[in-house]
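Chain lettering (A, B, C and D) follows the sequence in which the chains are written, and residue indices restart at 1 in each chain.
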């Protein structure tokens, strides 16, 4: 029997998770929810995804619209074994009681605190600990990116400290009321929570982060500095990053100079929604000064956590015990190959 | 024997035209050109499109790169029956001599003047006149949009005058050096050339346009006012627009409020490169005040002219005599259905 | 005895009105209000403007801050003869009852409906009707701009119809949470309310408008088309606009090509807050096609209504009966000369 | 005899330097240059600054315009004792030969390499060494900012290493053709040159920087991390920064959350061109984790180097031997007080 997966919140993350679940052969999508009828609901209909009202009281709003629903969230949870909660930050924690009452497993996203599940997940770091769990949190887009690129380096070399500046997008492309329009907004929290969030997954890593928000919608960018206990060289790091799943090194000479040109590559490759689920790193800008490494990585905030959500489902139902085979299986099913 | 098509200039328009040619069953892609090796060239390689140096002297630049070429433009033109010139505005005119020397047909884009071909094309307006032509200009993204939406209305009703304001994007998504960053730039040409350009296709229409440039990359938007010789109502217009090929009415109630949300729909529908080749019009904002109609249409500047390029090839080789069947054939092959 | 003026709402408009009141010799500033302590309050302190809590219950918030207040709005109104209500749109109407109870005159801004005062004001159009009034609305930045530039033309020539597209900024420079970041948002109201709003001031004018919102903070821009009953030429229009107070023609050849370069001129001229209270019109882009005039005007949404607020006070206390002398007096006191 | 100062290049920096020179009592402005007539030239005329053609061959362009000139650069240099070269990056080096031929002193800006003058200047660091010099480079806006804030900390505590990420604006407000529109562009140079540039002024400091470009025009922002040889606390740093000239701590509770709100303060304070010549640092975001300090500073790229240019003139003519008195004198004359 394939595990039955509900997606609560068919928005930016939810719609991608639903598509990815649908592409797997060993799990099954039962349906998705929305709080109100709009074009995303209409597309759920076109995709023949069962659509349910996330708020039982709002069923009538759907009935009056051209978006069709099959019932409300209670109906959906009733026929599911696990729910991937993709509701806005903070709402997931409020939903937990319902999931417990319904006695189903749940995956939360990085908008929730670590405590919501007591376990923060990244496939490369702690897949085995996720096996058979009932609750789990897939960390945020930024933390997932950092876990991916740092984990391999951390396993192979002694990291003294990671210092990173997160240059974050103001809103997603379809969030047209969000700013800032012509400003840089520093996160007046020093250090920012991102470093601590990495430690919920990799407790042994020393990391400190700062964050700002800038007027762009398409990707975050991280400026990363890693201090090692000894001098290393670029090649040692490059060879590790080249082997790291879901990380892509961008070759020099291809004139990919910005986040918008990264997205252009995803567009040209025919990626659905121009998603870039892997973390791109500019190869020519991987550099050492003595024992300190610097590099830039970009983060497609809308999609990078999607494969980890699928891996997590597979772990929670013990469908696969080995993290590398889990990754291979997920990547193959969602057709995720290194982009360049 | 299928006509053999070369695409000169594998950039924003050229790469889309090449993909579209590749999807047809009655024409054949011989190859594409680039002036220098970059990620787009690499993708041409991955797509197994024959790639040729647009500038013979630059062959060595490619040889030194990881982008492979099959020769230069002379080699490509030598094995082609027609070239779709997608080089930057003004370069097409300079290329014409070469095309004449090579004795092949050529399609130019809207960046060139009408005079380059002496015939400006839109499928809905003058397909029959394009049959067997040697040279032809597919008009610009803005003019193509206006021809599509105005042509049906113009055929059915007496238009006194069209007045439109074109709110144009500053640059395409991957043109990351273009502005303006925080300004509106009026086109200090009154009226703007866009209205006249529509008349190169539909000489009998009275139209006057103004244009501005704003800080966005994804779509243009047209604010259109049409004065008729008598009072009409919305329904009469809506029924014409609903029947017009490659025009899509956006339903109220789906919360598609901006150009970025239109693009989000294209993304969710899995359109390659989030292309929106049809012209979206907000249905709820189609309104009359006495004999004057107002509405908004959006223009995906990167892609809307692509189907017309394919139709034009079909006309120039007399593969199809009827414009409606030509449209149907092109749309079917590129899987273009009304988006919502 | 000089009329005593309170400014309710020391924000974008309010702080400019307060400064302008302070610069007059025949009226007097009693103080300003804010709803919460922030840097604007601190600057009111530095300017020695009496500062009052707009919300009596929030007095304690100020007490706990480094921003000093002299009391609450009741205290301020108690010592004033008139209040210029510069609170956010819709709040003014709610405040009206309080003003009536306090038995003081009030000026509302364009964020309120015409009905709030039953009289919509522009100095060039209806100054005389404002004399001795108790309530009055200074129309919005966009409407004020249109009234200024259209009124002179309307008096001198027979206008058949004005058609305008308003390209509006997403938010003011300091509103850093507002978007859109990379989108154009059409106002899905056709025609937009702006045309009707002009008619609250100039009922005899035929005008229809469309509006969009774009990613910029500094100025709106209007693309205007005016149809006359006969053919005219540019010079006739230019000579009227040159004589119109608070309208500035921008000469060709000075390379002022965008709204940001207009603001740069204001900066270079040492205008406080780079304010551009007059309406700039690009002279080279004033053009006729037969009986239709087209031109572009820019609107500094933060400041253009300020002089009209001062004029209105002068009318409401019958300090000056002639609108031209009122304008001259206001302009002189705020040092408003044509910018270029 | 007061030293006579020419400003070569009346653009973003040059016009501010000219204004600042004009405000001094011990030096004198002889004139400014421009390469072509535009609105800035017109404003030079209005300011009664002698205007000269920067390119002798372009004199006729000015003659045909409404911008008046007094001659060309040779005329200007002939009557000056020093030139402040404010031409675009790289042009200064080319101008040096002319300055040597004319036998006048010269100040270059940060767009030139250190080698142009062999001495890179910041008042707080090496004023004494600038006394009587013939050539000198005032370092760039970013480097000047770092020198100001780091110098005091460096003198008082043992800095192990500074690591900073420079988040840079795409273009200045009036540069309306510059991007990026919706992208982040990493500087693919690791580490970036900014750290090395600080060392041209403070050779003993260990510093490494990374840089990115983002879609904003108004200010740069630096995310700074400083590692000390021992644990310190915020108060020790705050007290140093509070005493540092031309650095301003931004108090918590004033709701100044972004670069645009910093600029709003400058506007509200009536600063000409909304200039913010001091470096603002958010006080609440000055934080320690053990021996590592983090904070954010903003940089008004158009104006922060202006006072250093004036100080430099004073040093080069030995008008003042003590750097603190030089600063005091410059600040007083340009009315530069800490902003908040």
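Methods note: a contact is a pair of C-beta atoms (placed from the backbone, for glycine too) under 8 Å apart; a residue touches a chain by one contact, two chains touch by 3 or more.
Just so it is clear, the structure is predicted and the values come from calculations on it, not from any experiment.
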Greatest separation from chain D - chain, by CA centre: B
Chain pair equivalent in interface to B-C, over half of contacts matched, among B-D, A-B or A-D: A-D
Centre distance in Å when chain A and chain C are each reduced to the mean of their C-alpha atoms: 47
Centre-to-centre distance between chain D and chain C (centres being mean Cα positions), rounded to whole Å: 36
Where chain B touches two or more other chains, by residue: 173, 176, 180-183, 185, 215-217, 257-258, 260-261
Interface residues, chain C side, partner chain D - complex: 15, 37-40, 42-43, 46, 65-66, 173-174, 176, 181-182, 217, 251, 253-258, 260-261, 263-265, 267-270, 272-274, 340
Chain A to chain D touching residues, read off their complex: 163, 165, 167, 180, 182-186, 188-191, 208, 210, 212, 214-219, 221, 223, 225, 257-261, 282, 284-287, 289, 292, 294-296, 298
Contact footprint of chain A on chain C as seen in their complex: 170-171, 173, 175-183, 185, 215-217
